[in-house]
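First subunit A sits with subunit B, and in the next complex the same chain sits with subunit C.
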Partner chain A sequence: MELTFIKPFMFYFFASLTTGSALMVVIIRNPLYSAAMLVLTFFSLAGIYVLLNSEIIAVLQVFVYAGAIMVLVTFVIMLLNLRSGALINKPTHIIRSVVAVIFSFLLFICLISIFVSGNQVENAPKGVITAAAIESEGSFQLFSRALFSEYLLPFELVSLLLTVAVIGVVVLIRGISGAEENKQAKKGQGR
Partner chain B sequence: MTQFIYMFIFAVIYLLSIAVAAGFLTVVERRIAGRMQSRIGPNRVGPQGIVQWIADAVKALQKEDIIPTDAHSFLFKIAPYLVFMGVFLTLVPIPFGAYTLMENLDTGIFYVLAMASFVVIGVMMGGWASNNKWSLLGGMRSAAQMISYEVPAALAVFVVVVMAGTLNFQKIVFSQGASPVDWYVFRNPFAFIAFNIFFIAALAEGNRVPFDIPEAESELVSGYNTEYSGMRFLFFFLAEWGNLVVIGALVSTLFFGGWNFWFEYTLEFSVPGRYPIRFEVLGFLWFLFKVSIFVFIIIWIRWTLPRLRIDQLMDICWKYMVPIGLFASIGILLWMYFVPEKSLADTIMRYSMTSFGGLTILYFFYRVFQNLRVTKAKIYANPFV
Partner chain C sequence: MPESLHIFQITETHYIVLSVILFCIGTAGVLIRRNALVIFLCIEIMLNAVNLALVTFSRHMDQNRGEVFVFFVMAVAAAESAIGLSLLIVLHRQKKTVDVDEINTLKG
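Let's look at the complex of A and B:
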């Protein structure tokens, strides 16, 4: 393809956007701004997936994270009405910060080791799905076939988890509104 | 390099044509609204007011771009562009003709459903960043509504995906035919149900009447775009009317055969550095005709029905449309399993559904003319005033 020359530029563009906006998520003090930055992170990650010829993962990324989860996060921030810096001004315990530093250092070491062992990753055994297979069959078909044959059990377990979450929400809401109804009924009796 | 330049050129052409279509539709909508309310509507700028939208755009460009002091200016500024981008990006995989599409995406419909999230985020951002109670309420309502109505829309799309066996728009169009018998909407009852659900859900996702509570004028001034002025306000409007085209195109692609036409007439342009550009005229015009019919129906609904209350809106979605959508999606699976294509039952069902649809339309016209005869109303059909 003629577009190959532009791919590295696109990759560095999206990569810098991803890392930059991910940094901003942590740095910015206003919760809603950092939510917006997180949206940007997800979209630029989707861009990287597209560059990797994985259309389906990119669309799923936008659909699930940018679409559903981010809207939820924004909703919560708006409903709680978090002012800028409301979370940051709280004093943090010294043990907490020490633990945070240790864990982030461990994560950093993990990432560094992955970068250093890049050569090994290249030589590692590859999956059966090649670029030619994606071209001929379509990424969506390959993805769904794998999902519903090889990885059926995890898929079903995840759907079970989601069902549990939905039932839990219904029970919680029922409990709250039921308690309110009881209160109102008691008030009525008192009169 | 040449391919990159061509990509850029085509993207600009798409962007301009959707902007022009949206602008033109505002005039069309205002004229239709005028006729429905026994008034004339805009007819001064150009013949029959046809370039009113250019005058409006120039006016909006010259206006002061007001950003409220307490608004969060960055989010406030980018919100309208996000909304417009969400609408524009949905046009990428939709085929307007045999060769007229931006990118033949394999994830087709799924991509379109995903791009709706831009609109949700943009509307919420705009509503929140305005720092205004009405805007915030409008944004929240809009987000809640869009997320809710994505569920029945996805269920209805699922029916089509099962019938076509693919998510690719072009393949969906190919698996339908030119004549109404081959359209998905008349294949079986479940697809017909799916069409109705999809159309209603698409109206709700586009914030159109009767689902326009995010910008309910009588309650929220103007909803999430209350604080906007000038060009940014216009961008919200471009998105709204561009969305009409998107809804019409989606419905006619998924259920009404897309650009399939009985005959073919292809133009070929040779361009330097690239294989010739083909343009199939008849299919394109036929597709535009279908789209404009649906756009007219949406406008017609807008000026006919009153607005829903928010609890009614949620009731319709979760208590009626989602169960009906689930019913249709299970029904279509059973239908595809037990009734193979081109079997006798399939053929009978197709023809009976098509004749049912045709008879419904005929009965509609019969009722209209009956009404006119009984009330002895004076038909004033001249559209040029």
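Let's look at the complex of A and C:
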């Protein structure tokens, strides 16, 4: 199955979708709509990863970013009570916006000139995971073999990190709700 | 790389340029916005741009180390978002705001 003919069109479609929705994340006032636009960005980036022949990263992108993280963000936005007006972005000072845009444009020029002119990468030794190897073995198999043999220790450390993060969240939230309970108990005694 | 920048021949350079554009959009968002939640979303955009660059270079070098690294970046981003968002909730309960300009009690 040759998809080389439509590949450029697919790339430009997904790239423009990614860039446009990322811009909308920055421009839109309401954080809930920003989060929705970010979901669109993540989905179109998953399409870009499929075009890059790395299906596992595309699947992980949809699961972890568009699924887990964005659900968490939307949940927090709901929890923080949008109606109170504290969450809606106030208009930014114009000088600040201009300075920020100029700075990021300079950053863009620097990064482009580094990446596009650098040819040190060309001389580095290449690996064995060629397009033919991916075609015959499958990117999932190759990825999993590397993850569970060569990178087993970092994998276990990441699971430890996630456990610590969960414990940290519980401690943070319990600390604040415990303080509120104390305050309410004092009020009750005063009455 | 630069001489291979044709419109209908998608090379690694195209993906890298897309990644740089995304990273700069994220940077501009972090600098412009004052809402801590939107700043968090823009940091996620920057992380995704770096992930795209990692996968592109890993494909270019015929390796899959970049992909494994992206896996770890995603796991750390998940942990970071859990901690960051719970910090945001605690902050909102104490200060009744998520505007980063009003949270300046550490300022000397």
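Basically, the second predicted complex is superposed on the first by the 129 of 191 C-alpha atoms of A that agree within 3 Å, B and C clash if a C-alpha of one lies under 4 Å from a C-alpha of the other, contacts with A are read in each partner's own complex, and residues count from 1 in each chain.
By definition in this document, contacts are C-beta pairs under 8 Å (C-beta built on N, C-alpha and C of every residue); 3 or more make two chains touch, one makes a residue touch a chain.
Being a predicted model, the structure only gives us computed values, none of them experimental.
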Which of subunit B and subunit C A:Met78 touches, first, second, both or neither: first
Partner chain in contact with A:Val62 - subunit B first, subunit C second, else both or neither: first
First, second, both or neither for A:Ile6, with subunit B first and subunit C second: first
Touched partner set for A:Gly138, first subunit B, second subunit C, both or neither: first
First (subunit B), second (subunit C), both or neither touched by A:Leu111: second
Which of subunit B and subunit C A:Ser149 touches, first, second, both or neither: neither
Which superposed partner A:Gly168 touches (first subunit B, second subunit C, both, neither): second
Subunit B or subunit C, by number of subunit A residues touched: C
Contacts of A:Tyr33 with subunit B and subunit C, given as first, second, both or neither: first
Subunit B versus subunit C as contact partner of A:Val158, first or second or both or neither: second
Residues of subunit A at both interfaces, subunit B in one complex, subunit C in the other: 56, 60, 68, 139
Subunit A-facing residues of subunit C, complex: 1-2, 7-10, 13-18, 20-29, 31-35, 37-38, 40-42, 44-45, 48, 51-52, 55-65, 67-68, 70-72, 74-83, 85-90, 92-94, 96-99
Residues on subunit A engaged by subunit C in the complex (per definition of touch): 7-8, 11, 15, 18-19, 22-23, 25-26, 31, 34-35, 38, 41-42, 45, 48-49, 51-54, 56-57, 60-61, 64-65, 68-69, 72-73, 76-77, 79-80, 84, 86-87, 89-90, 92, 96-97, 99-101, 103-105, 107-108, 111-112, 115-119, 121-122, 124, 126-130, 139, 142-143, 146-147, 150-151, 154, 158, 161-162, 164-166, 168-169, 172-173, 175-176
Of subunit B, residues touching subunit A in the complex: 1-4, 72, 74-75, 105-107, 110-111, 113-118, 120-121, 124-125, 128, 136, 140, 143, 147, 167-168
Sites on subunit A touched by subunit B in the complex: 1-3, 5-6, 30, 32-33, 36, 39, 55-56, 59-60, 62-63, 66-68, 70-71, 74-75, 78, 138-140
